[in-house]
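Following this line, the structures themselves.
Each of the next two complexes has subunit A plus one other chain: subunit B in the first, subunit C in the second.
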Partner chain A sequence: MSQTSCSLFGCGVDDDDRSWSMDDYAGGLARWCPGCGDHAILAAVERLLEAEQLPPERTVFVSGIGCASRFPHYLKTYGFHGIHGRALPIATGVKLRRPDLHVFVVMGDGDCTSIGAGHWIHAVRYNVSMVALMLDNGIYGLTKNQTSPTTPQHYASNTQPKGSFLMPLNPLSATLGVSNASFVAQTADWIPAHLYATIQAAYRHRGFSFVRILQRCPQYTSDMFEEAVRNPKMIEMLVHPDGVETPELDKIYTQKRVHDPRDLDTGRHLAEPADKIRLGIFFRDESRERYEELRAQRVHTAQEKIARLNEEFDKYAV
Partner chain B sequence: MSSSASVATKKRKASTPTGPVVTTVPEHTVEIVSDSGEGAQKCGQIFGAVSARMGNGAWTVELIPAEIQPPARSPAGASGNRIRIGTKPVTNWGDAANLVVAFNEQVLAARHRLDALHEDAIILVENMWATHDDEDIRREWVEVMEELSTTSYRIVEVPMEEQCLTITDNPRRGKNMFVLGLLSWIYERDVETVRDLIRLQFRKKAAVVAETNIALLDLGYQWAQEHLDFRINVPIEKPSTPMIVMNGNQTLAMGAIAAGMELCAMYPITPATSVSHYLGEIFEEFGGIVHQAEDEIAAAGVAIGSSYAGKVAFTVTSGPGLALKTEFIGLAVMVEVPLVVLDVQRGGPSTGLPTKVEQSDLLAALYAQPGDAPKVVLAPATIEECFHMVVTARRIAEAIRGVVIVLTDANLATGVQPFPRPNLDARWQAAPIDLSPVTEGVKPYDWDPELGLSRRFIPGQPGGMHTLTGLSHDELSKVAYDPESHERGCAMRSRKLAVLQQSLKPPEVYGDPEGDLLVVGWGSTKGAIEEAVDKARAEGLRVSTVQLRFLSPLEPGLKEIFARFRKVGTVEINYSDRLGDPYITVENRRMGQLAFLLRAHTLVDVDCWTRVPGQPLRPKGILEGIKTMLPGRPS
Partner chain C sequence: MATAQTKVRPKPFLFPQLCKACGRCIDACPKHCIEFATEIDPQSGLTPIVVHEDVCNGCGLCFDACPEPYGLMPRTADFEGVDMVVSDPYTTFGARTHGAPQAEDIPDRPVPLPAVEPMVLKGNYAAAVGAMLAGCRHFFGYPITPSTEGAELMAKVLPEMHGVFVQAVSEVATVNMMYGCGGAGLRCMTFTSSPGFSLMLEGISYMVGAEVPGVFVNVMRGGPGLGNIGPEQADISLMCRGLGHGNTHAIVLAPSTPQEMLDLTMEAFALAFRYRNPVVIAGDGYLGQVSGRVTLPTHLVQPGIPAWAVYGDAMHRGNLITSIYIVEADLELHNEKLNRKFADMEAAEQRSACLECDDAEWLVIATNTPGRMAGGAVQQLRAEGVKAGLFRPITLWPFPVDALVPLLERARGIVVVEAGPGQLEDELRLALSKRGTMPPPIHAVRRHGGVLPSLAEIVERVRGLTEVSHG
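After this line comes the complex of A and B, so read on.
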């Protein structure tokens, strides 16, 4: 993401020599359950902010409602903890008029793929530059154990105690199916190196970066990813020089597949359900048009506007 | 003149040797009605604009069927325009049309059946149907002519199609300009101004299109000159101040620009959408953009996001869209992010009457949110006020960190009226945000304990980092569920309205400050109510009226004003039960929305007279309402 100078009357500090440590980004004490995958994701994000030295005042985290959406409270940046499913429209409004800000969106699976599904599809199409993290634990946790669109079929919950009736929605396929998609990746909370490398790639991508993070919920779906956590052979890493490379994990995660993120067709194929969980970048294309750039306008002074408005009035003069 | 097809002037050659009879009147109301798609609206718009530009008072109302292409020659498909012009300013569409131009007898019959025509109305009707090849059509023509034969209309048959065919192969697309020519002759309009407006109308098309339309205009003018024996003179008094002419949605758009807003986030909905059409053409020249969102909800969200980031934005919608935005509006109230919502009201509930006027979103604007969500609600009463109230709305939204909903309606949206040209002020555009770095320890909700007001920090301001939340929160914007924090947050958000209310002036009473009945109105009904009150006073009735612009908070002094009248009643375009209807009692009667509000706020026994005809109220109708509400005279 390029550093743009602030578009709002020169507020903020440009080209300063300040530097930030991890502590500078730490907000309130995270109150997720012990063992919740969200802790690891928060740690990875704090690490990214520090590594990229993002000025806290120029960084905005927008979230919806759910366990995952508590995220902004635990950071010391600007944050907007909004309403269920609707983080993306708010984030779009922020970035559209303030392209100088670094915008991150944190959503859960209910937020993104259920109540906010319409916004998700269109946000992908707008391709406004931001990092959208979808923390997918396959369940509604905050409201205590209800089936979500990504809950595996036959998995029991309080609303569907005999097991989920339907096949789960595949967020990767859905995102890859939307025109103008520009970055689609998957990672997992229990593989910190891959998690960090993926969100870093997402941050560095120019456009709408969609990252599905498989996330464990110790309370309600502790067994959902258990097998994959215990058995690295369940994981297939998509690797490529233009994708995510984590050589430090090679000894553990031996299942690898070379996938060029420019190859959309193969990316779509790889996103389909398989006997392995695939992590990495399924698709990336920086040449896709970015809505905030298509709609960028130069700032007009009040006097300019008045002069132009008076011309407009002339057309309607009696 | 008696009304029958036999008096047609079709065959008559030039006018009488003495020339046409010119009747001078202080005002006249014209209707042009056609099938949808025949261009009667365009004709009416240009006629209204020309009249206003020449210095007549004018008010135009679109007559719109809900469907884009209703069946041809159907009464339900009547589409067109009413234009009321006068020597003095005109404030409403009046009671009945004095002159009607109809493209077929079915749409004419529709207006007749709606009691829209004055008993002595002059009617110019296309007569091709009388001799049409289709037997059914000829029969329908005869039936309508028989229906009208008991009236005292003066019917003039005009061979519109036959005439237009001398210039264009497709008269269906050209009759409207021929009719504009007729009207230009009858009303002595300045033909060069008419030609200019036609060129403006077709500026995006090939030049030949404008020239064909002008030829049709000239043809109509010439035909009228040769065949009609009357002209109408509505004297012109040039206004002393510069005036402009536009419709209410255009003024909303202009107001948004003048207010310095640079983002209109919207989703298409009738009758609000034309605000964005207009902005879509010019907004970028001011650094602004129209964002057509994926839905009404997202439109509100994008506007909130932009406002949060320091660029105050607005969203424009109508009733069903307002319903969808409910949750986001509640969020904006809760996190105290400024937001301007323009609601161009239409008939409800549900999809209701998409193209037609109603004032039924008042209580939804005030109370749609769960929990206490205090916000400001304004209602412009004129097209001019649409402009200024958007400017006011933005300033209030920023000043109180809150939501301002502006309620206009379909009547203002499409109505055209001349009004004094606004003097633009650069201060309207200034963002009242203190952008200096935030001192360590300053709280994101540093509420003044008396005023409830607090400084707003926006992203980019060092030291101001905090997380907004729609959850109950304390001054640090930390989630706080304890009783004290929740009570305090509610009180602070509410206090801002009380502070605003104390800065307002009491409304002005139109008419005597005391009497038997005070009519209270809001929004676009002002002109019609005042005209009805004038009529009532001319009949010796002791009636006055007051029009409210602030619905939340309500303007001060209402109780004192009400106390000087024996009775108070509202006139509104929304539903209320009528006493005397089955099962309706004083106890269970559901009141008009403003009446409901005023009763709650003042404890005065406010009555109401409301109607939901899907069209603006007529002064005549309001006069009847006044008479039903007037308290019985003391014996």
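After this line comes the complex of A and C, so read on.
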């Protein structure tokens, strides 16, 4: 962090020796249903904030609308509870003007892949450095049980009572298919160690990190991953020294596949639906161009700005 | 000795009516012999450039600078004495041609319904039932509390009735699906709530412009922004004055009970097709959720096919749905046509209900659920001997001012009761002002943010006014 931008933004306390505990991040009792995957994700995120010692005033959580979007209310960092489907543009606005902030985006599946799909595609392409967590429970929970783009086929809801007609949208393939994707990972709410390690890898990545978190809605999709929850052999861990490694889980999750996250073609192949649920990093490339760097500007002096304006106005002088 | 050959470079020529006055040639000219004219060209409406040929040396740099395909060009003999008239592209290329026969209206047909016992339905379901009885078999929507039950009932029933239910990816997709479906001359609707309705406004403006019918049930909730899911009446200005960009209006129906949710939704389809215009049902979050006794009508509607529909058969092949009118004069004509339609709606479609209004000295004006509260309050005030009456607008646009004005002669005061910031009062004042009617003093009972005005609050307010006026 350079002195210039710090004094410019008046934060001034960047290089202090404060230390942060969990209490500095955890705010209020989360009002999600008991058993909701959101609780696990919130716990993992709080643990990450403490481990990385992110100053609460330099950390922003942006959300859209949905159950997941209650996230910023339960943290003592900066929060921005935005508009349905628009969390990514809001976060982009924050990050482009304040590149010194740590920006996290929390969205649901309806939020990100339905009403926000257009923004999602372009956020991946812009590749602005932030962590985008897509909390995917395959249903609209807040409005009480309507089909979302990721609802499994034939899964009955109030708006498709005879079961979802369409193949579910695959957010991993979609993200990996967008030009300039730079980090795509998948984890699950019922494996806290992997959840934590994945979010940590996403945070440490320079660029737009997209993490799809498989989770269950205890009310409407509690059995969606039942088989995989009961049988760890249904899970295939993508492992690599550059990926996510969770040795503490080795005895439980024995199904492993070595996948180099730099290998986009294999990543795309692995993201396709299979008989196993694959968790880990599908693709990572820090060399992808980041919008905030492409558009970075040096600081102009007041004289320079005035000169530039005068030059422009002179064109219209009579 | 050979004669010295001097190359004569042509000077620039311009049809002034084709100049867009961008000024690029002025910047490009090294001799400073081009400047803007001082007069507006009558054909283009712009101030074209003029070239002072006495200074011009024919360098030709202005030809390269001019971005217009028929702009500045080298003067040749071909141009001498030629005058050019800018013509309407429609006349240049002729009218849109088609060999289709003239389409004719296939009218709606009422079908008698067997008498059934009254039912108990929540407001959202009642509106969905009303839509089905009106012949609506096409539903597009996106989940949003407190309106979603309407969509959910349609999701269950429509596929069994050879109908279409689509959960769209957003409200933007929803309104455009309705634009398409309504354009085919079919009856379609959506349920939404305030933030979702905001998202639909662009499409509604297009539907008004292209004269496409459709029914929007807006179960209003607390705002602005995400607000909450409680009942509010803060979209009244949006629905009456702000349906997207441009010259737009739509009939806004405001039910107060589940029975009216059904009846007015049925009526909304008739109005939408009569006027070829969207119709909005303005409910409130409480009305959407509350259950009430509902009696079915005696007839349901088997919809016909309007002659203008892009229905997808040989007879309708000549039809085109569009809201674009490139030529300003054409758009003005189109807007004048819309204005006549809006004036017809204002003259013919005002609806209201009265309770104890005939001799009322204190006129309470309220609609939706606050209208029910106000009804109770009026009855209580009457029992106390206060001459109170309830005037309940059922159309918010057009505001039912014709029925209201005669009541004002006797009224000593008006109390507008609303769950919102005064938008109903704004509609009232605007309607009276346009009529040139001077109202008695207007007072207000307002609650916000999802809180409804209570019966006791209304009684207390009116009672307070009577005491002041006695003292």
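The working rule: the second predicted complex is superposed on the first by the 305 of 318 C-alpha atoms of A that agree within 3 Å, B and C clash if a C-alpha of one lies under 4 Å from a C-alpha of the other, contacts with A are read in each partner's own complex, and residues count from 1 in each chain.
Basically, contacts are C-beta pairs under 8 Å (C-beta built on N, C-alpha and C of every residue); 3 or more make two chains touch, one makes a residue touch a chain.
These figures come from a predicted structure and were not determined experimentally.
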item	value
Clash or fit (per the criteria above) of subunit B with subunit C on subunit A	clash
Partner chain in contact with A:Tyr140 - subunit B first, subunit C second, else both or neither	second
Subunit B versus subunit C as contact partner of A:Pro149, first or second or both or neither	second
First, second, both or neither for A:His81, with subunit B first and subunit C second	both
Touched partner set for A:His122, first subunit B, second subunit C, both or neither	first
Touching partner for A:Glu57 - first (subunit B), second (subunit C), both, neither	first
Superposed model, subunit A: greater residue contact from subunit B or subunit C	B
Subunit B versus subunit C as contact partner of A:Gln160, first or second or both or neither	second
Subunit B versus subunit C as contact partner of A:Asp100, first or second or both or neither	first
First, second, both or neither for A:Ser114, with subunit B first and subunit C second	second
Subunit B versus subunit C as contact partner of A:Leu29, first or second or both or neither	neither
Single subunit B stretch clashing with subunit C - from 129-137, 147-155, 183-191 or 237-245	183-191
Subunit B/subunit C common contact set on subunit A	65, 81, 83
For the subunit B and subunit A complex, residues of the former touching the latter	52-53, 55, 200, 239, 242-246, 250, 254, 257-258, 260, 262-263, 265, 282, 284-289, 291, 293-295, 297-311, 313, 327-328, 331, 335, 418, 421-422, 424, 426, 429-431, 435, 458-471, 478-479
Sites on subunit A touched by subunit C in the complex	65, 81, 83-85, 110, 114-115, 117, 140, 142-144, 146-147, 149, 158-162
Subunit A residues within the subunit B interface of the complex	6, 8-9, 11-13, 27-28, 55-62, 65, 72-73, 75-83, 86, 88-98, 100-101, 118-119, 121-122, 295, 297-300, 302-303, 305-306, 308-310, 312-313, 315-318
Complex contacts: residues of subunit C adjacent to subunit A	141-145, 148, 151-152, 155-156, 159, 165, 167, 169-172, 195, 225-226
